[in-house]
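Input: structures, listed below.
Look at the two complexes coming up: chain A is in both, with chain B in one and chain C in the other.
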Partner chain A sequence: MSAVVFSGVTKSFGSTLVIPNLDLTVESGSFTVLVGPSGCGKSTVLRMIAGLEDVSSGRISIDGEDVTDLEPSSRGIAMVFQSYALYPHMTVAENIGFGLKLGKLPKTEIEQRVLEAATTLQLENLLERRPRELSGGQRQRVAIGRAIVRQPKVFLFDEPLSNLDAKLRVQTRAEIAQLHRRIKATFIYVTHDQVEAMTMSDRIAVMMDGEILQCDAPSVIYEDPDDIRVAEFIGSPKINILPIEHNEGILSLFGRSFGRVSSVIKKDFFQMGLRPEALCLSKSDGMLSGSIVHVENLGAEVYAQVDLTDQDVRVTFRASPAERHLLSLGALVSLRFNPTDAMIFDAQGERQRSLEFSEAKPLKIAYDVYG
Partner chain B sequence: MRAVSQKKRNSTASQGILLLIILVFCIFPFYWMVTTSLKDQIVALQTPPAWVFEVTFGNYTEVLFKDGVWENLLNSLIIAVCTTFLSIFLGCPAAFALARFEFRGKKDLWFWFITNRMVSPIVLALPFFLIVRNLKLLDTHLVLILIYLTFNLPIVIWICTDQFRAIPRDLDEAAVIEGASQWRIFRSICLPLAAPGVAVSGIFSFIFSWNELMYALVLTRNNAKTAPAMAVSFMEGYNLPYGKIMATSTLIVIPVIIFALIASKQLVRGLTMGAVK
Partner chain C sequence: MSMVESDTLQWSLRKENKQARTAWGLTAPALILMILILLLPVAVAGMLSLTNYSLGNAGFDWVGFKNYDRLFSRSTYEKMFIATFTYVVVVVPISMGLGLGAALLVNSIGRLGDIYKTIYFLPVMATLLAMAIVWEFMLHPTIGVINQTLEVSCGTFLEFIPFLAYGCSDGFPLWLGDRDYAIWVLCFIGIWQGFGFNMVLYLAGLTAVHRELYHAAEMDGAKNAWERFRLVTWPALGPTTVFVVTISCIRAFQVFDTVEAFWPQGGGPNKSTYVMMFAIYEKGVQQNLIGIGSAITMLFLIFVMFLTLMQRWLVERRVHY
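Coming up: the complex of A and B.
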């Protein structure tokens, strides 16, 4: 199958540079999600692959073939739009078969392929209906059917679930992931929803301001981000960022040391990222203490926000349902963390792995780590 | 509760009365036209008007067969149909181009299309007459078709451009990815979806061409004389044959009503529903 390769691609709209310099390789048969906040350029990247936007410079290749100057229809791609983009005056069968009709395929073959695609998506009973007679989920499946029937090398999805309600979104998410496993084509999926990115993909490319900050497996993106922006964007609730100080190997948080690392840096300020699940309630004096200001009970887990005492910092931590009785508003709590869970970033947000602890490295100062 | 329902009833009654007044205001001229066409000249001139009278179809037989108004109706039909067809045929692709393509001078062109509607038609009548006479096209169907076209095209383009703009671009892009050319997108996707607007502009175009009087009077004599021009020609000095004029007017109005009824089937709203979201 195919791979999509961006080599030094830039894109400007007038004088506005949207994509400064993009190098990206999407592996054959992978499910790659481009995720990032609104306006980061992810849809533009997708549209450049589709050929709906020209590149300002650089090359794009699909399956080893340079497609930069090819027409959209000659690129071997199919696209599912956020708005579905179904032809309202055509039936479901006509919608799915429109591309094949344009390709002047024999009528019997069109009918057969439309039926196959419809069967795959459980649309076989709706073939004579028009889009206005379908529910949102059914319309979405027709849009996917229109893509499948063309048997493209690469499927492009532009936020296809954003018009569905929450329940249907979860269901359709699973269906798209299953579809990918079944047809094993290359899927490139654009979303701003990190849950979609984490649950469906086998690779996530996190985009911000037109550049890809990191492209890796979902678990790596979550657990081992290269950049503080990646750490902050992925994860809900958001990662806690705390200011720390480094002085000749000693790391301290709000004046209390919590670890020693071997480092040549003399003295500097850094930022420490701690996921909410890395913080937990401590019976004795933990590293952090403060009062609870907000509690979100999700059933299986509880998230609580704590305003730290004497600090202008709020942190979120995850508690178990068993600890719920300890989480009344205004209650004073003490929190602890394992320094091996801490991610250290410099002032510019770049990860500083040399300053981090690992399970292999025994902690030099551990007495006040586990309260 | 009772007070509320009483209030609601009063409001419905007042709405009904208002509608009735509007209805009478709109329908009465038609009623007067049709009834007068069914009276002979003496009854038509009675004061106070005769509400009950002996119906005669003499005016119709006279104008249709003796005065040959059927030929004028045929001229009107030829001219109106040809103008409408050409307006749609030329205006829709132009509107599609204005709605979908970017090109230099697009805004100026858009404005320029409408400028000829800003000029009073009478201002152009004499120049048109001189040009047409020099081209030896006086009293031909072609000249009225071409002149009406210049008036109808801007309307068609303006209405249809708005219709095409309202069609989501995602549909075009989906079709482009599937291999459709711009012409195919226009023909198979945008035109069917813009049908209500096309129908409206078609109705406008037909009605304008069918009813137009001034250019028909200036540029035609016998061969291409339209029905409205013929109706006016019945007025000779002090002789105003009301019955004949009203019979001709009724004959002029009937095809317009039929055409509007046929075209209104295309005016079904909500055709684009389900395209997106």
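Coming up: the complex of A and C.
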């Protein structure tokens, strides 16, 4: 069962086309995160689901019903806003129950449902307070309470954590994920923060320039991206991109061949993506060498940036704390990688899986890669 | 042990004393200036209001509350109160409503709004005294543009409007010279001149309304613009409204320029526009009756003080969330 379906949706503001053509299916009960850099149109997509923004063409359906022309309040959805958008002149209880009041529900039922939502979110003691008397985290929970109380089919979250401090953000992240498991509704969550996307969701849709580049499980998005933009956006520190050359099956990096694949393409240039954890220090001569220019020690792991010798390229690699003594600034290091970890993209950024090594083709791993 | 304790105690007391002296020393200039130029004049006015002093007289007699007694017993002052309160009660709500309406409209139209903003603000920037003279020309009973325009309607179907029919047969109002119209003309000019100022205040207030609140209201089921206004805009404008009401009231109490320009002698036909500020001027300056002038001034101050305290109370209790 699909909760939200976009079919051929476009959106333009005046003459600016922000969503060229969107087809998206969000499964019922899933936690889908729309992630992308600011200005990519992710909030617009969310607001179109909410009905706060009209579509220029195409249809949107929620739970099998076409809602394209319905009012926001009759779509069976609820939204949590970035600024929480609580009514400042109302108490917490009034804020939570206001939608029900406008929906003309009996007073006793409103009170009961408000209390229920408040208990779920541990707000029982704050019901008589005004928003200004609450902390950021409490306001956040009131905003979620206002959504829960409507018992919607779909919850929409528009960057709800961006106004919280770092510590509270981690805690609220877990709370929202728990809430999703408990009430089993569909959650659609917009963020520009890839950590939120990776940790909370069961599906991630990576958006850029108004189109969805890939929509998959977080592990697939990270380990097996279809597009170089997805690979570059997800992952911190950023993935290393190196130019490689392909000539009749031979792959070479900076003039050194490192593998052979069964391909008949004559001569062409590609881009190779290597996650920082795919690179490691090599005692003998690895494929890459250069000098360390910056070290970031995160305690459990260390990231070091290396300017490659004779190349205008900087790569980042992950080292274990035990190797920290090798990572002094300016030190010359040699790096190696396992070619099966390399992702290969063409010049347009599209993934070229046919040119990659896989565990199933061990023979093609070049012998001189391991240091 | 106790010696030591009393020593430290004395030492800390001395230190406190020294700090207090320094603090007083530093605040003294501001304090003295404030007393000299703000509080002392009020006190002197309060004192003079209990005398029959005239400027140039060698001495004066204490008359107790006779001046105040006069304010509440003579018909001239009754007219003064009626004129002042009529003006305040008419001008404040209307200029506030128009200001809010204009602000909402200007706010909703984007770039073109700047032009409207400037136009509506023009009367505020103009000198009221100069504008009053223009109004006087326009309102002239025979050669004024207003009555001439009204005369055009004579003989047309528009005559079914009683006001026009009456005007065509018996002559149009004298406006400034007519005791039934004078105060309303005064109010009209006051509104015309003042609402642009309220609009600017409301525009500033509107910038503080968060856009997401409107979306939240829409999600909650507030379907039309009126519901969204009632639910989001109006509560958010609470502090602005209190400020606008207070400042408009004070400005309305202070109306003087137009009255002085239109009726330099005596405050309008049958004293129908004899507002407080003009009365203070007439008694205290023109007629050199400092005692009664001061009494009106004190009363004026009490009204304004009352309004200001009301604002403080409202702001603290009601409208700040």
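Throughout what follows, the second predicted complex is superposed on the first by the 366 of 371 C-alpha atoms of A that agree within 3 Å, B and C clash if a C-alpha of one lies under 4 Å from a C-alpha of the other, contacts with A are read in each partner's own complex, and residues count from 1 in each chain.
As a convention for this text, contacts are C-beta pairs under 8 Å (C-beta built on N, C-alpha and C of every residue); 3 or more make two chains touch, one makes a residue touch a chain.
Note that the structure is a prediction, hence the values are computed from the model and not measured.
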{"item": "Fit-or-clash call for chain B and chain C when the two complexes are aligned on chain A", "value": "clash"}
{"item": "Partner chain(s) touched by A:103 [first = chain B, second = chain C, both, neither]", "value": "both"}
{"item": "First (chain B), second (chain C), both or neither touched by A:279", "value": "neither"}
{"item": "First, second, both or neither for A:92, with chain B first and chain C second", "value": "neither"}
{"item": "First (chain B), second (chain C), both or neither touched by A:163", "value": "first"}
{"item": "Contacts on chain A seen with chain B and repeated with chain C across the two complexes", "value": "50-52, 71-73, 77-79, 81-83, 85-89, 98-99, 102-103, 130-132, 146"}
{"item": "Contact footprint of chain C on chain A as seen in their complex", "value": "47, 50-52, 71-73, 77-79, 81-83, 85-89, 98-99, 102-103, 130-132, 146"}
{"item": "Touching residues (chain side chain B, partner chain A) in the complex", "value": "168, 170-171, 173-180, 184, 189, 192-193, 270-277"}
{"item": "Residues of chain A that touch chain B when the two form their complex", "value": "50-52, 71-73, 77-79, 81-89, 98-99, 102-103, 130-134, 136, 139, 146, 150, 163"}
{"item": "List of chain C residues in touch with chain A within their complex", "value": "210, 212-213, 215-223, 231-232, 235-236, 238, 321"}
